[in-house]
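I have a structure here, written as C-alpha cells, and I will follow up with some questions on it.
Read from first to last, the chains carry the letters A, B, C, D, E, F and G; within each, the first residue is number 1.
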Amino acid sequence: MPVALAAAVVVILLGVLVLLRRVIVGPRLLDRVVAVNVIGTKTIILLALVGYLAGRPGFFLDIALSYALINFVGTIAVLRYYEGRVRRGEPVEEEA
Amino acid sequence: MDAQLPALVIVVPLLAALLVPLAGRRAAWGLVALALLLAFAGCVRLLVRAHALPEGEAIRYALGGWAAPVGIEYVVDRLNALVLTMLSGVAFLVALWMRRSTAREIRPPAVTGYYSVFLLMAAGLMGITITGDVFNLYVFLEIASITAYVLIAMGRRRQALYAGYSYLILGSLGATFILLGIGHLYMATGTLAMADIAAVFAREPQLYDSSVIRTAFAFFTVGLALKMALFPLHGWQPGAYAEAPSATSVFLAATATKVSAYALYRVAFTVFGVRFLETGLPVVRDALLVMACSAIVVGPLLAIRQHDLKRLLAYSSVGQIGYVVLGLALHNADGLTGSFLHFWNHAAAKGALFCVAGALAYRAGTTQVAALKGLGRRAPLTAMLLTVAACSMVGVPLTAGFLTKWYLARGALEAGQWAVIPVLLASSLFTAVYAWRLLQLAWFADEDGPVAEDVPWSMRAPSLVLGAACLVLGVAPLALPVAQAAAEALL
Amino acid sequence: MGFVVTWLLLAGLWLGLSGFFDLIHLLFGAVSVTFVTALSHRYLTAGGPLGRGLRRLFGLLAYSPWLLWQVALANYDVLLRVLGIRRVDPQVVRFRPGLASEFGKVTLANSITLTPGTVTVEVAGGEFIVHAIAPEAAADLAEGAMVRRVRRLEGSA
Amino acid sequence: MSGAVPLLGGLDLAGLGPGLPPLVCLLGLLGVVAARRRPNLREGVSLATAGVNFALVLWLYARHRAGETLAWEGFSLAPGLALSFRVDALGLVFALVASGLWILNTLYSIGYMRAHDEPRQTRFYACFALAIAAVMGAAFSANLFGLFAFYEVLSLCTYPLVIHAQTPAARAGARKYLTLLLGASIGLLLPGLFLVYHLAGTLDFAPGGLLAGVAAADGTLVLAFLLLVYGMAKCAALPLHGWLPAAMVAPTPVSALLHAVAVVKMGVFGVSRVVFHVFGPETMARIGADDLLVGVACFTIVVASLIALAQDDLKRRLAYSTVSQLSYVLLGVGLGTGAGAVGGLLHIGMHATSKITLFFGAGAIYLACHKTRVSELDGIGRRMPITLTAFAIGALSMIGLPPTAGFVSKLFLVRGAAADPAGAVVLAVLVASALLNAAYFLPILWRAFFRPLPAGTEAGVHEAPWPCVLALSLTALGTVGLFLGHGPLLDLARAVAHAAFGGAE
Amino acid sequence: MEDLILAILVALALAAVRLKDLLGAAAVLGAYSLLMALLWCRMNALDVGFTEAAVGAGVSTVLLLAAVNRVGRREQGPGVSPLLKPALWRLAEHRAALAERPDRPLLSARTMALLVVGLTAAALLYGARDMPRIGDPAAPANRAGSVAQHYLRHAPADTGAANVVTPVLGDYRGYDTMGETIVIFTAALCVVLVLRQAGRWRGPKEAP
Amino acid sequence: MSVLEIVAAAAIGLGSLLMLATAFGVAVFPDFYTRLHAAGKGDTLGQALVLAGLLCLGGDLTLVVKLVLIVFFIFIFNPTATHALARAGWVSGIVPWVRGGQDPGAPREPGA
Amino acid sequence: MRSTDSLIVRYIARRSVPFIQLYALYVLGHGEDGPGGGFQGGVIFASSFVLLGLANGWGYGRRAAPARLLDPLLPLGCLIYLGIGLAALLAGGAFLEYGALAGSDDPEVRRHWHHYGLIGIEVGVMVTVSAAMATLFFEMARPARVQARVDRVGEEADRA
C-alpha cells in the first residue's frame, strides 16, 4: 500500500510540476491564479496521502481540512482584489 | 516577592502595557510611570543582589518552574543587572518626560496606544537583557523591534513612515540572521539555554571547528550588528532617530542599540565562550575591531555635516556604538570595562541630548540645529544640559565619557592594539567639533532662535537627572565596580 | 429554533471531528458549539422558515449521488478533451432557468460548474451565463435534467 | 584655622586641605550665578571668593612651611584615576601667584566691565570663578590625571571669556584658541597620559619622577615627553603658540588672566610638573629630554621676540612677548641645574606680576582713549602718568632690569645656564632676548612720554576708572616688591630644586 | 519526493520574484506556502505545517493582497489613501533616479540585495557541511539526554497532553509563547496606530 | 492484500492520474475558460477518488468524518472558486476563445 | 470594499462561516492531542471574518466583528495568558508554573492543572490571535472611502 500512496504522491507532484508552466508562463494573471488554485487543491490531497504514508492520518487530515478552507479564502482574496482593479478601470495586467 | 523579582520586572511593564489600552488617557500615563518605577526599583534591587553574589554565580529564575535546559531561565548577573538598571531607569525617566511631549506630537486618540507600545518596547528590551535562553532572546527581540518600528513611524512628518519602513526592512533582515544563528546553534548543540550551550562547548571543544557553529556565530554577529547599527550597517538609524517622535528618539537612542550590543556580548562570551573568540574564529574579532574603529571615526565625521539636531545625534550614536563594541573586539578586562561603562555613560549623555532635541521640538517646533540660537539665554538649564552632555560625549575629564575612553585606551594598550589610540583621539576631536558647533549656537549666538522659554518642569526635571548622571558617573564611579566585576566574570 | 438546529448540527460535527468523549473535551465542545452558534447561526439559518431549510438539506443529500455521477461523466469528458480525443469548441451561452431563491441559484450554478463541459460564468438576476466547452454540452442546459432537479429541490419550499 | 573644624556631623573640613580652594571657588561660582540679577552682590561675591581663596592658599602655605603634609584623597574615579590633592612647593608657587593676582584681576575686571557696560557679565564672572577653581585644582593635584582634568576645564571655561564680545573677530580668535588648545590636549596630552599610565601603571606624582624606575625604551620615553610638553600647548612653545595672539581679541581683564596668570602659567606649571614629578631630572638627563626642552625654549624665546618686534597692536606685542617669556620658565626647568630650576620657577611669579601690569596698562589705555596700537600712543604718558609709570615698571621687569622682579629670575637663570655645560648658547640667547625685549618695549615708553599728543585729542584722554588704576598700581608695586621681597617664592622654588637636584644650586 | 517538492518550491519562488504584478506574486506566494507546509508535514513538523498553511497561505496572503491593493491605488490619482505611499514612492523614485543617472553608485539596491543573498547562501552552504542529517538519532538535538528527548519522554506525564509540541510550546517554553502572543498583539496594535492615524496631523492648534 | 485495499489502491491511482490529467489540461487548453474546465472538474473528481480510496483504508470514526468533510468542502469550494475565477475573467473582459478564431459575439441561447 | 457581485461566492462564504469557526475551535480544543492550538485556531477563526469581509463586503464583515469588540479583545487574550502566569506566581510557584495552581504536591493533581493551564493559555492565545488577525485585515483592507471618512473624523477630533 505505501508504494501505491507514494506513487500517487509522485504522480500528483508531477501534475504540480506541469501546472508550474502555467504559473510561470501565464500569460494572464488569472491563468496563474487558476494554476495556483489547482496547486492548492492538489496539496490538500497530497497532505492526506502523506499522512497515510506517515501513519498519522488523523493529524494530517486536520491540516488538510484547514487547507481546504484556507485555499478557498486565498483564491477569493486574489479575485476580490483583481475585480477591484477591474472596477476601478485600472489595467488588469501590469506586465507588458 | 524577592525571589520573584526577575520575572516581575518584565511582567509588570508587560501587564501595564496590556492594561493601558483599556484605561483612559490620563490613567494610562500614570500606569506607565508606575509600572516603570516598579520595574526600576526591582532592577536596582536585582543589581544590589547580583553584585553581592560571589564570583561566578548569578540569580536564576526558572520560568514555569522548569529548570534551565528544559524550560526557560532568567539569569541575572552583574553585567545584565547593570544594563537592566540602565534600561528601566531611562525608561522611567522618559516616561516622566514624555507626557507633555507626546501630547504635542502624537494625535490624541493614539496617545494611549503609543504609551502601550512604549511600555512593550521597554519590556522587550529588558527581556532581551535578562533572559538566559537564546530563543527567548529572539522573542523579546521581536517585541522590541516591532514596537520600535511603530514608535518611529508615529513621527509627525511623512518621512517618519519611510524611516520606520527602512528600519523594518533592515531590522527584519537582522532578526532573520539572528534566528538563523539560533537555529544553527541548536542544531549543533541540541539546547537553547545559554549556560547549557556553554556547557556543551566545554564538554566538546571540537565543536569549535564545526562549520555549523562558525556559521551560527557569523549570523549572530551580522544580525546583531545590523540591529545595533554598527558601521557600515547603520543605514537605518539616522532616519529612524531623526523622524521619530521625541520621546521615541530619547528612549531609542539611549537604550535600543546598546541592548543589541549587550546581546552580542552575551552570545560571544557566555554562549560561545572566550576561547571561541580567541581560537575558533579570530577573523570575526578582527572584523569587529575594524568595524568598531571605523564606526568610532566615521560616525562623528558624518555628524559634523548634519543640520538637523536629531540626525546629528543619530550619526554620533553610530560612532558611540563603536565604543561599546570595541571592548568586545579587544576582549580584555579593561576594554570590556570601558564598553560596559559606556552602556550607562552613553545612555545618560545621549538621552540628555535627545531630551534637548525634544525640548527644541516642544518649544520651537523644529529640531534644526539653527534653532539652538539663544538657548543659553532663554532656556539656561536646557542649555546647561546640552553643555554637560556634549562634554561627556567628547570625553572631557570629570564627565562620564572620559572614563569610557580611559578604559578603552587602557584596554587597547594592553591588547597591543596601538592603532586604536589615534582612533579614539580622532573621534574625540571630531566629536568636539560638532559639540562645539552646538554649544556655540546655544551660548554665543547673537540673534535669538525660536525658543521663547524653557520647557515645563515635567520635562526639564527628568532630563536634568540624565544630565546630572553624566557628571556623577564621571566623578563617582557608581557603575565601575559592577562593570569591572562583570568584565572579569566574562573572561 | 434556528439556534437549536444549528447547535445540533454543529454538535454532531464536533463529535464526529473530535473523537474524544471524556468530560473535558465534551465540555469544551459544548462551550465551543454554543459559542459558535450564538455568534454565527444567523449565517446558516437566516432567510426562511426552518422547515424549508431542513427539507433543502435533505434534498441536497438526495441530489448529491446523481450529481456525483454527473461529475464522473464530466471528468471523463474533460479527460477525453485533454487527450485530444474530443474536440474543444467552446461557446458562451445564456439562459434563464427560472429559479427564485439564492439557494436554488447557487446549487444550480455549482452543479453546472461541476458537470460536463460547462462553467458558470455569471449569475445576474435570473440569468445564467455559462461557458461551455463544446456545443453539445451546452445543448441541454436550459431544460435539462439538472435544472429540473434543482427546481424541485428549491420548490420543496 | 588649625585643627579639625567639625561640620556636617564629623566631616573634617580642614582635612580637605588642598581641596578647599577649588571647592571655595566653585561655591563662588554658585554664588555668582545665584546673584545674577544684582550686579553689586555678584561682584562682591567674586571679590570675596578671590579674597577667601587667597587666604586659604596662604593658610596652606603656612601649614606647609610648618612641615605638615597636607593631602586630600578626593574622589577615586577608577583605580589609578583619582582626583586627589596634595600641597607641595611647586604647587604652592603657582597657587600663590595665581590666587594673589586673582584678587587684583577681579578688582580690575569690575572697573573695566562697569566702565564698558559690557553685556553678559554674569557669564563672565561665573567663568572667571570656574577658571580659578580649575587653576587651584591643577596646582594642588597630586597626579597627572588631576592636572590634565583641570587643564581641560580651564581651556573650556576660558573659551566663553575669549569669545566674550561675540564679534566676528572674537569668534575667529576664540575658535583658533579652542581648536589649538583642545586639539593639542586631546591629540597629544591625552595619548601622553595613556602612555605614561601604560608604562608606569600609575599617574601619581613622585618626587623623583614617577617614571624614574620604569624600564622602557628611550624613544618611547622621549615620545611621551614630547606628547606631554606639546600637549600642554598653553605653555605656547613654538610652533603651538598661535592660540595666544589669537586670544587677544578678548577683553583686557581676560587677556591679563590668560597671559599673565592662569592659562599660560598653567602650561608652564604643567611642564614643570612633568619635568620634576613625572620624569624626574635623572630620567630627563638620561633620555636627553632636558636638552630637547632647552632647545625648544631657546628657539621660542628668540623667534617670538623677533615677531613681537614687528607687531603694532599693543596687545599682540604683549602676547608675543608672553610667548617668549614663557619659554624662560621652560628653559629654567630644562637646564637641569638647581639655579636654572629656581630661576624658571621664580619667573612664573615674576613674569605673572609684570605681565599683568602691562596688560592692565594696555586695558586702561584702551578704556581711557580707545587706543590699541603702539603707533597711536604718542604723548599719552603725560595724561595718564600712573598707568604709564606702572607700564614702564612692567616693561623693565620684562627686560630684566633692576629694581624689578624680572631681574631676580633672570639672574638665577643666568647662574643656571653658567652651570650648564652647554651654557654658552643659553647665555647668548638670554642676552639676545633681553636686548630684543628692550627693543620692543622701550619705543613704547619713548612714544608715551617723549612724544607730544596728536592735536585735538587732548580732551579725551584721562586716567581710567579707579579700580583699574588701583589694580595696576598694586601690581606695579608688586613687581617692585617682588624684587625686594622674593623670599617666600624663592624658598619654595629652592625647595623644588633641592628635591630634584639635591643641594647643588 | 522531497526533491520534487523542493524543485517546485524553488520554481514558485522564482516565479514570485519574477512577477512584476504584485497581485500575482502574492498569489504565487500563497501556493508556495502551501507546498512549504507540505514539506514541513513531510518532515513530521505537523504544527509548523499547520501554521504555515493557516498563516502563510491564508491570512498573510490576504494581508499582502490588501496591502498591495492599498499601495497600488497610487495609479488612481486624487482621493488616494496616503498609507505606505511615501515609503514605496521614495523607493520607486530612488530606483528611477538610479536608472537615469549615468554615474550611479557602485552598488545599486539590486546588486546589494544580490550580494546579501549570495553571502547568506554561501554561509548556509558552508554551515551545511557539518550539519547532522535530518532525523539522525546521533545528532545533538536528538541524542539521549538532549532536551528533545526529555520532552518526548516526560511531556505526557508532566502535562497529560498527547501531542508533545503543545506542552513544549505552552508549558516548558510557555514564556516564549506568551512573548509571541504579545508580538501578535503588538503587531495589531501597531497597525491600528499607524493606519488609523494615517491622516496628517500638525499638532495641537494652539501656537507652540 | 484485501479487496478493500485493492479498491483503495485503484481509486487512489485513478484519482491521482485524473489529477495529473487536469494538470495537463490546465497546461494545454487554449484559453482561460477552457483551462477552467479542466481545473474545476478533473480536480474535483480526482480528489474525491483519492479520498474515497483513503476512506477504504479504514480508520476510526473521526477519520471517516474528516475525509467526508474534506470531500464535502471540496465539492462546495471547488466549483465556487472556479466560478469566481470564470467570473473574474468575464468581468475583466477576457474574450473566450472559439474554434476557427471568429468573433464569439454575444452569448448565445443554447442550441442556437 | 464593496461586496463581490457574485451571488454564489457571497452565499457560500456566509454559509461556511459557522463551520470555519467551529473547526477553528476544534483546532484549539484538540491542540494537546493533535496538531494545532490557539495560534492556528485563532487564525482560522479570524479567517471566517476575513472571508465574510472579502466576499460580502468590508462593511458586512466589520459588522460581524466590530472594532468596538475587537479592540478590547486584543489585549484581553494576552491578559488571560499573563493572568494565569501571575496567578501561578501568587499561588507560590514560578511565573507560568501551572502546577502551582493546584495547591497540592500530588503529581497527579498537578498534571491535571498543567493541562488546565495549557487550555487556558491556548484560549488566551486564540483570543488575541483571532482578534489581531481580524483587526489586521479590516484595518489593511479598509476601502478608500471609509479611510477618507476615518481621516476626516480624526482631523475633526483634533480640531475639537
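Descriptive notes on the structure:
Just so it is clear, contacts are C-beta pairs under 8 Å (C-beta built on N, C-alpha and C of every residue); 3 or more make two chains touch, one makes a residue touch a chain.
For clarity, every value in this text was computed on a predicted model and none was experimentally measured.
A count of C-beta contacts for the chain pairs F-G and E-G puts E-G on top. Chain B and chain C have centres, each the mean of its CA atoms, that are 61 Å apart.
Between the CA-based centres of chain A and chain B the separation comes to 46 Å, rounded to the whole angstrom. Separation between the centroids of chain A and chain G, computed from CA atoms only, is 27 Å. For the pair chain A and chain E, the distance between C-alpha centroids works out to 19 Å. Residue positions 9, 14, 16, 33, 58-59, 62-63, 65-66, 69-73, 76-77, 79-80, 82-84 of chain A are each in touch with at least two other chains. In chain E, the positions touching at least two other chains are 46, 49-50, 54, 58, 62, 66, 69, 73, 171, 174-175, 180, 182, 185, 187, 189, 192, 196-197, 201, 204.
All chain pairs in contact, by the document's touch criterion: A-E, A-F, A-G, B-D, B-E, B-G, C-F, C-G, E-G, F-G.
For chain B in complex with chain D, the touching residues are 391, 396-398, 402-403, 405-407, 409-410, 413-414, 421-422, 425, 428-429, 432, 436, 443-444, 446, 474-477, 480.
Only residues 1, 4-5, 7-9, 11-12, 14-16, 18-19, 21-22, 28, 30-31, 33-35, 37-38, 41-42, 44-45, 48-49, 52, 57-58, 61-62, 64-65, 68-69, 71-72, 75-76, 79, 82-83, 86, 92 of chain A touch chain F when the two sit together in their complex. Within the complex formed with chain G, the residues of chain E that make contact are 46-47, 49-51, 54-55, 58-59, 62-63, 66-67, 69-70, 73, 79-81, 83, 157-163, 165-167, 169-171, 174-175, 177-178, 180-182, 184-185, 187-189, 191-192, 195-199, 201, 204-205. The touching residues of chain G, when paired with chain F in their complex, are 4-6, 8-9, 12, 16.
Chain E meets chain B in the complex at residues 84, 86-87, 90, 116, 120, 123-124, 126-132, 139-143, 146-148, 150-151, 171-176, 179-180, 182-183, 185-187, 189-190, 192-194, 196-197, 200-204, 208.
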